[in-house]
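A, B, C, D and E are the chain letters, set down in written order, and residue numbers restart from 1 in every chain.
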Amino acid sequence: MDIVVMLAKLAEGMAKSVGIFGLTLLFSLPLGLVVTFGRMSKNGVLRNITKFYISVMRGTPLMLQLMVVYFGPFYLFGMKLSTSYRFIAVIIGFALNYAAYFAEIYRSGIESMPTGQYEAARLLGYSRIQCFFVIILPQVIKRILPSVTNEVITLVKDTSLAFAISEMEMFNVAKGLAAASTSMVPLVIAGVFYYIFNFLVAFVMEFIEKKLNYYR
Amino acid sequence: MDIVVMLAKLAEGMAKSVGIFGLTLLFSLPLGLVVTFGRMSKNGVLRNITKFYISVMRGTPLMLQLMVVYFGPFYLFGMKLSTSYRFIAVIIGFALNYAAYFAEIYRSGIESMPTGQYEAARLLGYSRIQCFFVIILPQVIKRILPSVTNEVITLVKDTSLAFAISEMEMFNVAKGLAAASTSMVPLVIAGVFYYIFNFLVAFVMEFIEKKLNYYR
Amino acid sequence: GQDKETEKAGETPAKTEAVTEEAKTEAAETEKKTEAAETEKKTEAAETGEETEAGTEEETKSDKKIADKVIAESETKAETGAKTDFKVDKLTVGFDQDFPPMGFIGDDGEYTGFDLELAAEVADRLGAEVVYQPIAWDMKDAELSSGNIDCIWNGFTMTDREDEYTWSEPYMKNDQVFVVRADSGIASEADLAGKVVDVQTDSSAQRALAGMSKLTESFGSLNPVADYNTAFMELEAGAVDAVAMDSVVANYQIEKRGADFNVLDESIAAEEYAIGFKKGNEELRDAVQEKLDEMAADGTLAEISKKWFGEDMTILGK
Amino acid sequence: MNYLEMKNVKKNFGDLEVIKDISLTVRQGEVVAVIGPSGSGKSTLLRCATLLESMDGGELSYLGEKAVYTDNDGKVTYAGADELRKIRSNFGLVFQNFNLFPHFSVMKNIMDAPVRVQKRNKKEVYEEAKQLLDQMGLSDKENCYPYQLSGGQQQRVSIARALALKPKVLFFDEPTSALDPELTGEILKVIKDLAARHMTMVIVTHEMNFARNVANHVVFMENGVIVEQGEPEVLFNSTNPRMKDFFGKFHEV
Amino acid sequence: MNYLEMKNVKKNFGDLEVIKDISLTVRQGEVVAVIGPSGSGKSTLLRCATLLESMDGGELSYLGEKAVYTDNDGKVTYAGADELRKIRSNFGLVFQNFNLFPHFSVMKNIMDAPVRVQKRNKKEVYEEAKQLLDQMGLSDKENCYPYQLSGGQQQRVSIARALALKPKVLFFDEPTSALDPELTGEILKVIKDLAARHMTMVIVTHEMNFARNVANHVVFMENGVIVEQGEPEVLFNSTNPRMKDFFGKFHEV
């Protein structure tokens, strides 16, 4: 097979992988915050439900979760699926999974905040919501950035799991190409792609970390 | 299909998964230490090679690495593979990958040790090797245990990636059963198995952590 | 042949072994070899716990028969006159476990299926142990050429792939067809315009469709999926409108799932199933082919086919 | 006018009675120093007064408005959320360890609450904040971040932050104990200045000399009760053996 | 006999000359106190003497055996590994922050090196260790872990640990500066005891009174050189203006 064709195909897969990556972050980062609220809620029922949700998401393979998200609506509820649902299922599966991880990171960050910050905000008259979004969250973000970076870099590689439900992301494309050309070249190229992708992500995260270093 | 048969089959897959899990730990934990030595070596060439090795292992999907380990010997060197090589390849792939992660954990632990411990040991006449294994390593182990726990729990789920090279571990068995019984039940049961497995692992790790709490 | 014998004794997982010519002509030698095979069987049986003494005995007998027959044949067949006997210890069959009824996990949890049963019978007659190796379908070439499996025997389409493998004689006819939901209102290929069609990666349906660009361009999209089970689940769930696949498998799935599916009358391609061996591995092919012919002749093939499909769908020797 | 009035205030932590029936009145322009041994409940009293800690009994009011009261059954009732918000704007608190917002510049630390919470005009607040910084001797630090300041400077910013909301009463909980002796002087000078401008203040402190020189009224606490209170000169020359003992220890150090 | 001899020792950190040509002799049974302002190089001198820091020039010998020497070209040569090991067994060092091994019990902290490194009989070492703990007033702590001890107790264990190897010279680098005043007393008493038993010691300290009372010989360092050395009484009454200034500061605190 022509190497150019191969690269073009892989680039297509790469675009899909990047799409999964971007959309997962877009949804899971805020969703994680919501999950954290549940996890730290005063309502015991809500708290235990979120706790269980988090432990399932972190305790079972993402591939399994993807399959359940993809086929679940039909097999469990008899809902008819549409074609476009495959990609949507990938995003839902990833977002739900990563939200659980991000939630735990947020929580550790929030719990590490000194109570003095809350008390100072209360004394100055900030409402609870203002206090959280204006005073606490910006500081939490700085604190948790290294953990978030780790998770984001894991996500780069995890996009390859979308192949479990036959989404044509890079890994799946590379596998197909490897089969068609009976060589390992596509796999190696895919490896290089992932490596570079990771490198770029690490670079961006480092940049953000530096940006946030204006205070300590 | 009979649920008992299904469970028996899944249990077989589970045994394989547990095998992968156990052997991976058995090999990657010491191998990680060797990699750390390379990474922290005074020899610049060795240091950079290990650095690159670690970044590749952490920067590309484990599934890709498994495929390269499995098919590499044939495609790259024309070596004939034997049937038993599949499982060996799984273990090699996992051990190489996890060694890289463990190496970075060890390194962070070793670097976090106060120099005073080294100096005290030197003053008391310990040789470099005695100092490392008698004074430093036991303390490092305690320090890194939470990170190791995280990694070990990730490994539980990662065993499912062995299916990329058709190893009949639990996830693959569950997929096959799902095909044969045309239902999602095997996948859900597999999920429960993973969940329990994880739970047990977390329990054991907590026990070890408590054991090490005899000092601070 | 000295070193060959020691290799066997050393239990190297050798799959195919040519035996020297002198060995074939003398009955005494054959006797010795079957003895060697027997002892080896026993050690293997001890390992796997699967085979009984009786079974081994029977195999020894059939082995003798093989030897006799090979000798007989070597006199008649001119082109294979030079090599007539061939010894197999183990036949590793590569198959896609998500591909009922050809190969899948049976109700008892063991691998079963039409093709696997054939393979077992052939191996039995060869005096070899059969090993079922499930593989990821799109990795079958790598698995075969790297020697992990001896053959691909899994509703494996020969048509259009003639040059890529060393093939057995085709033993079954098959069509590549479209499966649709009964309520979808799709009755012909023309109705597929704008619809979503699943096809397994690296399958013969995919190959066939690749040459039918006019048809595929009319589709809404052509989705490659990793396995047929996923494809069928997607079809059932409504995520796709049609699956291009083997009629043999389609018919079985439709019956098994008890769901309302239709197979379109127009077939994409007519083709034949055969067993694929690594290119150049003619010895094993010949040995397997011979047993298959035997089974066709004594009715075993038809019997197995009836068991799985309710009728004799095989074409070998007809 | 009574700016702050606490009546029969009680506070328990579990079984531990930390504040036992304390009553305290702070009049306009008064500077009250609260002294006493460690663990006597001084901080807890301040935290009750500033609504950071809920009370288990008693009454609390600012400028005659009741924030908390207890009925005859011992049921403690807090004022409604809106009312409490209004009452909160009457006081400010300067923490021992400053609690500045590290991600805000000095100027933003001071301006954010008046602008965001009190919805005051940004420009006007800025002018006032500049003036406050000037008064604190920090005019050149407005764009610094807290981590760039010394402890004494941070504490002065936190005082300015509290003052920017124009509280009627300002509370201090050991405002100098996180500072070394040199920096302590800076802060005490600032508090003295505020006293000179007739700011009403309640100061928990271990600096006996400071309490003596600046306060109009000194409260000596021990084990959750007020042992004695009154004018500094009276108190520091008390014949109460417990207090003599306490002052004696301080003279030693 | 000269237990320790340093001749023209030099040490740089990059461009910074921290030790400039220092010579120092410690005789058997002598207690030497090293004093001087912060950053004068006291710790560095000790670290050179204990081979924790490599020297950039000069000579170092213990009991006449050369550990380090410098030839005429300025090339610094260290003794071979075996010889250094032997020389190292001549001295011990007590760190400012103890550096006990947290995962070893008190007893193991003391016994491990004699048994593992010096390969001495375990039982015999145990007896000696018990005696040492007794001497340090810690006989009931042998099975404790370091985190269960106060700072002063930890420091005493670390002294016992150093003594268990029977060093000829014992170095102390500000052994009390991580301790509060009360605990400081404990340690100084232990060192006084050791002096009474004629242990040869070199002590870097900020406790002027202690240096004055316990040392036979006091060394005053500043900017990497020895400004003056001699008997304590002579030194503490020195007319050197720099030293008078230094002592003056201490009296103030």
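By our rule, contacts are C-beta pairs under 8 Å (C-beta built on N, C-alpha and C of every residue); 3 or more make two chains touch, one makes a residue touch a chain.
All figures in this text were calculated on a predicted structure; none of them were measured in a lab.
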Mutual neighbours - chains that touch chain C and chain D alike: A
Chain-contact steps, minimal, separating chain E from chain C: 2
Neighbouring chains shared between chain B and chain C, ordered by label: A
Most centrally placed chain - per-chain CA mean versus overall CA mean: B
Furthest chain, CA centroid comparison against chain E: C
Remotest chain, chain D as reference, centres from CA atoms: C
Whole-Å gap separating chain B and chain D, where each centre is the average of the chain's CA atoms: 56
Cα-centroid distance, chain D relative to chain E, in whole angstrom: 48
Between chain C and chain A, distance of the C-alpha-averaged centres to the nearest whole Å: 42
Chain C: positions in contact with at least two other chains: 139, 142, 145, 233
Residues of chain D whose C-beta touches two or more other chains: none
Numbers and ranges of chain A residues touching at least 2 other chains: 71, 75, 175, 178
Complete list of chain pairs which touch one another: A-B, A-C, A-D, B-C, B-E
Interfacial residue positions of chain C with respect to chain A in the complex: 138-142, 145, 196, 201-202, 220-221, 223-226, 230, 233-234, 236-241
For the chain A and chain B complex, residues of the former touching the latter: 55-56, 58-65, 67-68, 71-72, 75-76, 153, 156-158, 160, 171, 174-175, 178, 183-184, 187-188, 190-191, 194-195, 198-199
Residue ranges of chain C touching chain B (in the complex, touch as defined): 13, 92, 97-100, 104-109, 131, 133-136, 139, 142-143, 145-148, 227-229, 232-233, 253, 256-257
Chain A partner contacts - residues on chain D that touch it in the complex: 50-52, 85, 88-89, 92-93, 95, 97, 99-103, 112-113, 116-118, 145-147, 161-162, 165
Touch list for chain A against partner chain D, complex: 114, 116-117, 119-120, 122-127, 130, 134-135, 138-139, 142, 214-216
